[in-house]
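What follows is subunit A paired twice: with subunit B in the first complex and subunit C in the second.
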Partner chain A sequence: MHWQRAGFSNVGFSKIRLSKTGSSGLWPWLCAACVALSLLMLVSLLTLLAIRGLGHFWPASLEEVTLNSGDIVIGQPVRETALPNGAGTERLYFTGNQEVTGNNWQWIAIDEISQQSEPADLIRVARTPWGDFIGRLVAVESGELRLTQHAAWAFIHEALTLPVSQRPPGILLLATADGRTLRQPLASVTHFQSPNAMSWGQKTIAWGQRIWQFLSEGPRAANTGGGVWPAIFGTVLMVILMSVIVTPFGVLAAIYLNEIAHQNRLTRLVRISVRNLAGVPSIVYGVFGLGVFVYGIGGSIDSWFFSDKLPSPTFGTGGLLWASLTLALLTLPVVIVATEEGLARIPDAQREGAVALGATRLEMLTRVVLPMATPAMLTGVILAVARAAGEVAPLMLVGVAKLAPQMPVDGEFPYLHLERKFMHLGYHLFDTAFHGEDVQAAIPLVFATALLLVLIVLLLNLTAIFLRHYLRRQRGNEC
Partner chain B sequence: MTPPRLPFSRQPLRHVQDRLATGLITAGGIGVLLAILAISVFLIWETLPLLAIGDTFSLAKLSPLAWGTLKAALAAMLFATPIALGAAMYSALFMSARLRSRLKPTLELMEAVPGVVIGFIAGLLLAPWVERHLASTLMMIIWLPLSAALAGYLWYRTAASVRQRLPLSWAGLWFVPWLAGMAVLAMWLAPIIEQHWLGGDLRRLLDQRYGLDYATRNALIVGIAMGFAVIPSIYSLAEDALADVPPTLMEGAQALGASRWQALWKVALPTAGPGVFSAVMIGAGRAVGETMIVLMASGNTALFSASPFEGLRSLSASIAIELPEASPGGMTYHLLILAALALFIFTFMVNTLAEIVRQHLRRRYQRLGSTL
Partner chain C sequence: MLASLSSENVAPAPVMRFSAEQCCLSIAQFYLAYAGKTALHDLTLDLPRHHVTAFIGPSGCGKSTLLRAINRLHDLNESVTHSGHIQLEGQDIHAPDMNVTELRRRVGMVFQTPNPFPMSIYENVAFGLRLQQRLPKRKRDDIIEWALTSAALWDEVKDQLHRSAWQLSGGQQQRLVIARTLAIKPDVLLLDEPASALDPISTLKIEELIRNLKSQLTLVLVTHNMQQAARVSDYTAFLQQGELVEYGPTDQVFTNPRLQRTENYITGRIT
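Then we have the complex of A and B:
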């Protein structure tokens, strides 16, 4: 009893001593900082994407600025930077009116501004050939009719709800900041807005509408306006085709490896190499797809069936089919590994029970084993889809296009055109951000595209995580 | 597994079906596996013509690209390894279990962020920002670890009530605002320091005194961006290895008087060493093969330069840029396929090594778990 107590106090003493001098030292804190830093980076990346991606659609107020020189500039303030050598700051304005000024942007030093206001009659018009117009509305001419003020606004808003072909003929008389007038046919206007006169409620509605337009329209004005619908469509179609190809083959290979092949050194080796193929760079798969599918198989198909169209290739160039096949090959290891894990978790007793009751192997597989492994397979396919949706590098080799003239699905026989090139969200992002004409104007849309892509991929991954969680819990109850 | 041989039955149709299905599955399975393995066959086959030509001059074209790949991977690993391993050690051994069950999937989600998004942020936002605020960036790299140590020091000095409110096991979370604040502080302090001690412009100073050029998109940017992409894969695997160390070992060490950090450093790390090593290897494999980030953040200038402030061009980026334009059968085509083969062999070897090491480790844990 006595030594026990002594021992206790000893332990207590050493514990106090340790924490006083902090013999764990500062290292654990550095490690904790590593976790915090990773979290901080992830959170700031997502926040940045969300703010810049969604903020772009908010109807930003327009400013009318009078300079010391007497010039007047109307535009949307974008950002400010410090001038070199501490000479104050300058502000970037988006002024639009590219066909008049030749430039969408203007830098103005803060010191040069003599007056600054936000008049309610400033408007912003989105048009098809030239991008945005920013200025004032003078009048609307429709046949003999000439409308001004509120009548004009009501006329325009009503006309814009109609599709282009049903709109009444009309011409907008617009005035720029420096007093020049423009005649804009109503048919080429896609959007008309007076952000300074809008209330919060109206702005929120307009914001929702513009997000919807972004999701449902095609790109226009050299990717600086419009939406990404063809890219969404292309991505989804390619991913669907890919999963239709990869699921049966991946499951087949996994069943063979786990249920039929003899478990020996060779199967172990094959298993390791399948697992490793998941780590092979995606660009290598792209090279394989280009060399074998496009040039090899595609070239042969062309010379056999489409020789009348040569030398312009039909299947001998990148297209939807080859892209899906390449990505299916790329994601095959993911599906095989996930399915195999699911199969390996099923207790042997289940199989033996089925066989003991007289089932053949096929019956055992289809009625007992596969139903139990379904969540694992589903997890594998979702992970594969998530990987494929975010993958761009191999697609650059096997059939993605910066602007596909035709959608891969249309009303023409055979409806699904596997040989056509298609648009992809990830590649659209890359192309707009790095090869666009006016990158500055396109960046907000690139942010929105990036946000959309990240959301799709994260959503798919979260689904896979929850499925796996559900699967584990279910197994836990069974075992 | 194979079911035992069935007794004779009078339902031949079922058995025919069974045979047929087994045959089909076997054929399909072997076919799929062969198709996967065909990748290596194709790559080797298409590089054979290069041997016939035997032109060493054109091979020399690949060497700056190989150098660029290694430089980019090295920069990424320098950034990612300490952070990922530190995070793994903390979350395996110090973090509270409840926080860990939430935080680990979150950090693993980082892996899902597509490379093209990271590359876009790095190339179009981070690169110009770092160019304008080079001093702030470098200062942050030095100051953030120091500020973490400072936080630890302050924590030991504060009252016990505060320490209970902000325990070490939750530090991964409450450090986030602290680090954000310290980053802002560094950004605010850096221009002042630059003004007073570095003559106003760090970039000009680097240029004049050390002859270092500064390219907007450079190895530093690639390192940060690709490091971000690689951190989750290293973290996840290393954390698994550390968390699976049999708890009896750690308890034994602590019972003998070791502090938690000593137990980690002297017992857990040597035991889990192979697993941690294989995690780093897999991260390196990923860094070598990553295409979009390097393509968008590196400037794609094929240079032989060790400077972290100059651009680079990697094998994978060259393939992505040049292969669509190369005519099949031409010299460039075969050279680029050789580049792809090099990437394939490198990553395959690295991954195989990591996998073998991991299997050994698993067996070791089983042994340790059963004897102790």
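Then we have the complex of A and C:
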């Protein structure tokens, strides 16, 4: 209610507060408890995501375990579970070497372990096919050269700083726990470390590097490894496109409803309908987008302009444009309602003041009313962005892809490819969690992706909030 | 109240006429209705140029409605219908060839609550100017200084022209609004209870300002405050239930009203 204190902004109107003690009884405490509970849930959500998500990137120690049977297992201990009927506990090891053992994981009962150590020469190698290798380095062969020990390590570390195309040809000879030797070409190695030999500082650096790789690289191994950069890019691009579509659309609609239309029963009906649209389940919008945008409009565009490529569709299949339009439609009510409320809060005195100075209706709108309603519009956009960035269900129908081979923006004319499918963090999360081959390996990535999604929504919101704050400050309106 | 009105059986107020040179605004047989409900009934009065005319009367008597009719602010509300004539300098303001924005430029208006726009002090005063033509900055600065000086605000704000107008006090805001109106050089200034939301000192400043502005333009003042009408205005029109009851020089209306109804209202004996 800022206009009522227009001239008195330096006079503080303190709110009347209920005393928590005194005669008002228990209910202020009840209210406070509800706030505390919500805060607690929020904090535990973020903490869980942060610990499970970020912890995954920490270079964990590797253990070499000798079993009672004489077998040797090398791996990273992940968690322990109690066996039924009090038969002790068993521990899950991430052992890697999928092409050798056929499985990345191994459960070992604690009772079976006869010896356990953390030798410094254990290594972990990340490779593009087959995932991680865990074991020992025997030697490196590069042409005629055969390097062992420190020379081999130095050679590998230097080679890995180069992009794949510039690396010297080389083959790593790797020994598994049961004594078999693997020949691993250097070109397909993405990562090479010996966590047991690393200091805390080195581990921290490696941790930062792996987080950066997670953020900046494309996914590997059917989304159970690698990074999420295409998904981040797709999410942000889609949300920006959506905002660009929905903001002018929603603002103009709100202006019509609030400033231009005659206020009668029909206007009220339209207003109620718009508000109710906000409650329609999002998957319904997905179905609408599929039917109208993809098959209807997209199909027509294809038959008019891309008939030479038919039957393979160009716009007649899900894509970035249709996803943005569907989400714009989904968030339209939010923008309309927020803008309308902002417009309704502007006192008529402001409108009359402008008109009385000889402003036309359009001048009044553009020079006085709209600038005053900008913070409300931005609030609407903030809410829209928050909703759109987390929406997954409709996207599955109108354009999101499990793995998009091409980014929607590249150096090829017309640079922004609206018809391409794109990756989205929310869908990536879903896909990693339920559609991967190796669910155990995917779990930490799910947490990391969830944390990232929350952070991106937060970042987009903060941008809009700062923009709104800046606009208010500019006008000296502190409320 | 109705009983006391009907019991008094007097002829309607004689029409006070001014010659064409003296007359700025001429209202004749003016009717106005909100959604079919009559708000102004058969009003006929002339307002003299370079004088202050006050409209007084109880709440809902139509004085603000009349004021707003003079610069056609009612155009914004579709439910308002009217008949009769209002002439500004001999020109019918409802004539088809009358440009409404031009009319509003010539007839400025100041409202009850200060309504500066959410911009800097400078931009507020420049608002009306920018709507009209592109002026060189130098010229615009001169007009803004002149307007703020005329509104007795220049000395208080000259060092902070680019501060937000919303940070001024209520009285300063109201003078800023007057300056904003003066900047586009209107012929008539309509003031709708301009001091009712202000403290006594700000009120005095506004009243002094009104008296000083008389030499430049014609002022019409709506007020609830009898003393203010008596202090500031040259002519007073007393309206009741949409009708003009009495109109004459302020001295005469306040000291020797023709009708008992007027005297009752002025002396506060209205029920």
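Keep this in mind: the second predicted complex is superposed on the first by the 414 of 479 C-alpha atoms of A that agree within 3 Å, B and C clash if a C-alpha of one lies under 4 Å from a C-alpha of the other, contacts with A are read in each partner's own complex, and residues count from 1 in each chain.
Criterion: a residue touches a chain if its C-beta (ideal position, glycine included) is under 8 Å from a C-beta of that chain, and two chains touch if they have at least 3 such contacts.
On a predicted model such as this, the values are computed, not experimentally measured, just so you know.
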item: Contacts of A:L83 with subunit B and subunit C, given as first, second, both or neither; value: neither
item: First, second, both or neither for A:L453, with subunit B first and subunit C second; value: first
item: First, second, both or neither for A:I110, with subunit B first and subunit C second; value: neither
item: Which of subunit B and subunit C A:P371 touches, first, second, both or neither; value: second
item: Partner chain in contact with A:P347 - subunit B first, subunit C second, else both or neither; value: second
item: Partner chain(s) touched by A:L357 [first = subunit B, second = subunit C, both, neither]; value: second
item: Touched partner set for A:V164, first subunit B, second subunit C, both or neither; value: neither
item: Which partner, subunit B or subunit C, touches more subunit A residues; value: B
item: First (subunit B), second (subunit C), both or neither touched by A:V244; value: neither
item: Subunit B versus subunit C as contact partner of A:L266, first or second or both or neither; value: neither
item: Residues of subunit A at both interfaces, subunit B in one complex, subunit C in the other; value: 262, 351-352, 355, 358, 360, 363
item: Subunit B contact footprint on subunit A (complex, rising order); value: 14, 18, 22-43, 45, 48-49, 249-250, 252-253, 255-257, 259-263, 270, 272-277, 279-288, 290-292, 295, 318, 329, 332-333, 336, 348, 351-352, 355, 358, 360-365, 386, 389-393, 396-397, 426-427, 429-430, 433-434, 439, 443, 446, 450, 453-454, 457-458, 461-462, 465
item: Complex contacts: residues of subunit C adjacent to subunit A; value: 71, 73, 76, 78, 101-102, 104-105, 108-109, 111, 113-119, 127-128, 131-132, 163-170, 173, 177, 180-181, 184
item: Of all residues in subunit B, those that touch subunit A in their complex; value: 1-4, 6, 9, 14-15, 17-18, 21-22, 25-26, 28-30, 32-33, 35-39, 42-43, 46, 82-87, 89-91, 94-95, 103, 105-107, 109-110, 112-121, 123-125, 144-145, 147-149, 151-153, 155-156, 168, 171-173, 175-176, 178-180, 183, 228, 231-232, 235, 257, 259-262, 282, 285-286, 288-292, 295-296, 316, 319-320, 323-324, 328, 336-337, 340, 343-344, 347-348, 350-352, 355-356
item: Subunit C-facing residues of subunit A, complex; value: 6-10, 262, 347, 349-360, 363, 367-368, 371-372, 475-477
